[in-house]
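By written order: A, B, C and D. Residues from 1 in each chain.
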Amino acid sequence: MAGVTYATTTESLAAQVRQHLGVNLSHCYQCGKCAAGCPVAEDMDMTSCRLLRLLQLQQPALDQRVLASEGIWLCLTCETCSTRCPQEVEVAKVMDFVRSEAIARDVAHPRSRDILSFHRAFLDSIRTTGRLYEIGLVADYKVRSRHVLKDVALAPKMYLRGKLPLLPHLIKGRDEVKRIFQRTLGRRR
Amino acid sequence: MRIGYYPGCSLLGSSREFDESVRALAGALGLELVQVPDWNCCGASSAHVLDHKLSLALPARILAQAEAAGLEEILAPCAACYNRLASARDALDKDPVLAREMEKVIGRPATHKVRVVNILEVLDRFKDTLPGLLKVPFAHKVACYYGCLLVRPAKVLHFDRAEDPQSMDRLAAAAGAAPLDWNYKTECCGAAFSVTRTDLVARLSGKIVADAVRAGAEAILVACPMCQSNLDMRRTESNAYLGADHQIPVLFITQALGLALGIDANRLGLQRHMVPATFAPAAV
Amino acid sequence: MSRIGVFTCHCGENIGATVDCAKVAACTRNVPGVVHSVDYKYMCSDPGQTLIKEAIKEHNLTGVVVAACSPRMHEPTFRAAVAEAGLNPYLCEMANLREHCSWVHGKADATTDKAADLIRVMVEKVKHNEPLHPIKVPVTKRALVLGGGIAGIQAALDIANCGHQVVLVEKSPSIGGHMSQLSETFPTLDCSQCILTPRMVEAARHPNLTLMTYAELEKLEGFIGNFKATIRKKARQLDEKLCTGCGLCTTKCPQKKIPDEFNEGLGRRGAIYVPFPQAVPNKPVIDKANCTFYRSGKCKVCEKVCPTGAIRFDQQDELVTLDIGAIVLATGFKVMRTDKFPEYGYGKYPDVIDGLQFERLASASGPTLGAMQRPSDGKAPETVVFVACSGSRDRSKGVPYCSKICCMYTAKHAMLYKHKMHHGKAYVFYMDIRSSGKDYDEFVRRAIEEDDVTYIRGRVSRIYEEDGRLVVKGADTLMGGEPVEIKADLVVLATAVQAQDGSEELAQKLHVSYDPYHFFAESHPKLKPVETNTAGIFLAGACQAPRDIPETVAQASGAAAKVAALFSRDELTREPQVAVVNRLPAPMFSYCVGCFLCQSACPYQAIEQEEIRGRDGSLLKTLAKVNAGLCQGCGTCVATCRTKAIDIQGFSNEQIFAELMTL
Amino acid sequence: MTDSFEPKITAFVCNWCTYAGADLTGTSRIKYASNVRVLRLPCTGRIDFMLLAKAFSRGADGIIVSGCHPNDCHYTSGNYHARRRWMVYRDLMDFMGLDTRRITFSWVSAAEGARWAELVNEVTVAVRALGPYTDYRELALTGVE
C-alpha cells in the first residue's frame, strides 16, 4: 500500500462515509461475510469487503481505485451484505455513497455508462410526466445506450399482453415534480 | 375496511395483472382501496442510485399527498415502491432536520407519519376470513419467492424475518396450496438490471427458477413486479443460461389467492403472463 | 481540642505536576485544628510513613489526614502506619488528591484549590472520627462449591485435601460437566473421560467431600464465614441407599425415544436413566416430564424390575440448610445453539451441528461409538466444513466477545475427523487463529501441515441444503473476498460460549455482580481474578468468562487456595463500619421509637428487636438493635430512621455534615 | 448570567460503584470540570434529604447523587431505596420551592470512568446555565433549615 495519505483527516471517503451516513468503517474486521453472500461478487472487479478494506486505509490512491471500480455499478442494492454483517456495518449504504461520489466527481467506470443512462432515462421520464412511461423509457435508453436492437423481440409480446400502454400517464402535479427535481438534482442530468 | 392505495408505475404497465388481481381480491375481501390522489413515481432504484435527496423527495411527496387525503396507511403492492416509501418514511421520521429539508423540496409541510404496508401484511389481516371464502383451493406445490425488497433492510421494514420469511407461505397455505421449503426465497433476481445487464438477470433469475423446480414446485409465487418480470419475461434468457426449458409459471400471490376465491383467471390477468399460467379453476 | 496532622503526597509527578503541593500544605496549616501540615514526594514510601509516625508522637496528634491517592488504594497502608504510632487506625482518613483531582484536571489554581478543599473536607471529618475496633466473627469451616464440572471438582478436591469440609452441589444427575462430554482434549489429544473420571471417583470417595447431585441452591443468607445455604435436593424418585446402580431399570424402561442431554440430542434415553456410563453417582433418576407413570398413572416397570425395591414414586424434593463459611461458584457455561443462526437455517438442518454435538459424534462413548456418521442418515461425511467464530465476535448476535476455546477445539475437531477419515476433506472457515497457549499454535499448525486441513480465512454467509448435501457459501478474504462455495456433508459450527442459563438469577441470589453477558464479575480484573465483590464468594472456570480446561483447573485451585486461606483462621476481623442504634440512660434508653422502618429497609436482616424491661420485668420499650455480624454498613437504615437514632460508624451523620459544612 | 460564574457541584457517591468509577476516570487520565467535590458514602441508600438540603444551604449550586446500576448495588438494594426516596423527596422539595433541576440522580459503575467525566461535565454545564443558587442560601441564612 502506497504511503501517501490525505492532508486532513476529513478528506478521505471513509471520513465522509462516517460524517454523512454515520457508518464507522473501522468496525469492519474483514471477515468477508458480505462478499460471501453477495449475488454478484464473482462479477465484481472489487468485492464489497475488498472495497471496505481500501476505504479503511484512507489513502487518495486507494479511494480513487474504489470510485473508479466497475464493481460498485454491479451492486444490486439487495442489502444481503448489510443484513448479515456481524459488525452491523451498513455495506449497501456505503455502496450507494461511493456511487454517488463517483458520479459527482465524474470518475465513474466506463462500463457504468449503460446502467447510468438507463437510470437517467428513467428519471427523465418521471421528470416530465410525473410517472414512469415505460415505452418512452425503453426508447430513450436505446438512444442513450445505442443498444437499439436490444429486446426488440420482447416489446411486441408485452404490447400484445397489454403490458405496454402507448400513452404516458400525465399527473397534475407535474410542476411540483419538476421543482423537486430542480431542488435536488439541480441542473445535473 | 378502508386503506390507501399506491399502485405505482409498473402496476399501470408491465405488471398490470398485479394491479388487477389486487383490486379483484380486495373486492372479494371487502377491502376498499382509496387511491393516493395524483400520485407520482417513487423514483425506484434509479433515484436511489443517482441521487439520495431525490430518492427521499419523490416518496415524500407521495406521503404528503396521502396525508392530505386523510389517509393513515397506504398499501403499496409493488415491493420496490413499498421499500422506497418505507425507507423514506423511516429516514424522515428519524431525522427531523431532513424532514424539514424535504418539506422545502416538495414545497409544503408534512408529518410523513403515513404508514406504508406491503400486500402480504394487508392480506395477513384476512387470515381468519380467507378460509371461509375459499371456493377452489389452489391445490399446488408452490415456492414462495420474497426477493430482497420485501424483507431487507430488516432494520427499516420490520417485516417478517430476513432469512427464510414465512408470511407468504402462510397465505399460500391458507389458499390451499402446499408451500415448499426451498433455498432461494430471498436471493436477488437481478432487480433493475433487467434491461441493462440482462446477462446477470438471466443467471440470478435462472438459479431461482432452477431451485424452485428442483424443490418440485408447480408455481412460483411472488409479491414484487420486478421479481415477476425477471422470472417471467426473462425466462427465455434464464432458460438459455441454464440450458433448460423450465415452464414453471410465476404468479402474484394475489392471483393465486384470487383463483382460490374462484375469481375468473382473466380478471386476475393471468393471460398477461409470458410463461403460460393456466390454472383454470375447475368450477365447483 | 483536636490536633490534626495533614500529610500531602506528591506521588512523584502524579500529584505534584498539576497540584502545588507545597502551597496546599501551607494553606492547610491555617485550617483550625490542624497543628501540623507537610508535603512529601512519596508518602506511601517507608520514609514517608515514618514521617507520619514521628509527627503523631511529636505533635501528639488526635487525627491524621493523608492527602494522596484513592483510599481504595492505600487507606489500609496508612491506617496500619498510624496504628504503629499508637493512634487508633480509624482516626486516619485520606483525601483523594490523585484520582479525583490531579489526574483529572489540568495544572491550574482551580486544581490546587480543589486539592485544598478536599483536604479541608477530610480534616473536618477526622475531627469527628471516633476510635473504632475491628469486629471479630467466627468462621464456619465448610465450603460450598456450586457446579460439578471440572472447575467445581478441582476446587472441591483441593479444599477437601486441605482438610476442610466441602459440599459439592451439581444440578444435573451426575458430576462431570461439559468435560465429561468431550472426546479428546487439545493440545495433547488425550481422552477426556480417561483423565476426568478418576477425579470424579476421587471426589465421590473423599471423606471430606459431600456430593449433592441433582440439587440446586435455593437460598443464601449471611456473610463471609457465616453463610446459611438452603439446597433443594430434587427428587430422584429413588432411594439412593438401596439402589446398587445395576441399571436394570434403565434397560427395561419402555420409554426409549427421549433425546439424550449428555449426547446433545444425538442419542436417545429412557425415562429413568443414568446420564452416562461413568456417571458419579452411578444412580438413575426418573425424568418425570417423560415418564409414562407420571403422565398416565400406569407402567411402574422400573419398580417391578428393581431387585432392591429402590424406586420411590412418591418421593418429594427435599430442602437442606447448611452452615457455610465460603462459596466457590463454578457453574460453567453453555454454547449457543444452531437455531440462533437464521442464515444457517435456524437449526432446521440435522447435519448442521454445534461443537459439543461433534464431540459426542467423535467420542468413543458417543451415540456412534466414535464412528464418523452424520445425524441425518448416518452416512460417513466425505466433506466436513468447520465454521469458527459462529456467533462469537458478532455484535449482530449480541456476542461481541471472543469465545476463546473455539480456535483450538475446531483445529482439534478437524484433526479428529481427518484421523478417522483420511480420505475425507476438512475445511475450516476462520477470521483469526487465536492459539496463544503452551503448544497451542504448534497444534493448529499440525492440523494444517500434517493432517492437511484446509483453512479459509472468511466467514460463511449462508448454508442451505440441496439434494442431501449442504451448500456452504463463504468467501476467501485472502483472495480479496472471492466467493467460495463448498458442498459439504456435515457442517460444524463452533458456536459462541455463553453464560449458563439462570446465571443472572443466581448472581442476584448471591449478591455477586455480573457483566452484560451474565458472566460473573471478578473483584479485580488483574489482582483479584477469583474473588467476587462479595466477601467469601469465589469464582472458578467458565462461569466468569470463556475458559479452556487448563485455565479452568488453575483458577479452580486458585479459588480453593483463597478458601483455604480463609479457613486457616478461627475468626475473621471485619471493618467496624457498621450501624449502631444509640443507647441513652433511662428513661429514654434511645432516640429509637421502635418503628422498625430500618428493619424493613435492611437488605441483610441485620436489625433485631431488643426489649427493654424494668426491674419487675415489665416491658418498657422495644428498640432496634443491629447485629454487627450481619450488618454490612450500607447505611440504608440511617436514611430511613426518622429520629436519627441509628448511625454508621465511620460515616456518621456528624462526620458527613461536618464534611458538608466545609463546602 | 456572567460567563465567569463557576458553579459549586457537590457529589454524593457510593463507595463501591461511583467512587471507584471516579477513581477509574483518574487512572484513565480523563479530564473533567474541577467544579465537583465528591463526598464518599458507603451507599446511595445512605443519602437522606437533610444532606441535600444542607449541601444547598452550604453553597452548592448543583448536586449529583450517583451509585451503582440497578441490580449491581454492592448492598443489593441500597440504590433502589435511594431512588424510591428520591421520588418522594422531589415532590417535597418542589413543594418547598427547592429547584430540583439542580439535583441529578445517576448511575455510574466502577467500570464507567468515562461516564463519570461526562456526568460531571454535563451537570456543570447545566448548572452553570441555571446560575448561582442564591435563593435557597438566603432562605438558609434566615435560619429556615
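Of note:
By definition in this document, contacts are C-beta pairs under 8 Å (C-beta built on N, C-alpha and C of every residue); 3 or more make two chains touch, one makes a residue touch a chain.
Please read these numbers as outputs of a predicted model, since none were measured by experiment.
The interface carrying the most C-beta pairs in contact is the one between chains A-B. Each chain gets a centre from the mean of its Cα atoms; for chain A and chain B, those two points are 22 Å apart. Between chain A and chain D, the centres computed from C-alpha atoms are 52 Å apart.
Chain B and chain D have Cα centroids separated by 56 Å. In this assembly, the C-alpha centroid of chain C lies 32 Å from the C-alpha centroid of chain D.
Under the contact definition stated at the top, the residues of chain A that touch 2 or more other chains are 80.
Shown for chain B are the residues in touch with two or more other chains, namely 162-163.
Among the residues of chain C, those touching two or more other chains are numbered 343. Pairs of chains meeting the touch criterion are A-B, A-C, B-C, C-D. By the touch criterion given at the top, residues 70-73, 96, 98-101, 103-106, 108, 110-111, 114, 117-118, 121, 508, 511, 513, 533, 577, 601, 603-604, 632-636, 638-640, 648, 651, 656-657, 659-661, 663 of chain C touch chain D in their complex. Interface residues of chain D facing chain C in the complex, by the touch rule stated above, are 6, 8, 10, 15-16, 19-20, 22-23, 25-27, 29-32, 34, 37-43, 45-48, 51, 54-55, 58-60, 71-72, 74-78, 81-82, 85, 117. The touching residues of chain B, counted against chain C in their complex, run 161-164, 181, 183, 211, 214. The touching residues of chain C, counted against chain A in their complex, run 343, 389, 393-397, 431, 457-462, 473-477, 480-484. Of all residues in chain C, those touching chain B in their complex are 342-343, 345-346, 348, 464-467, 471.
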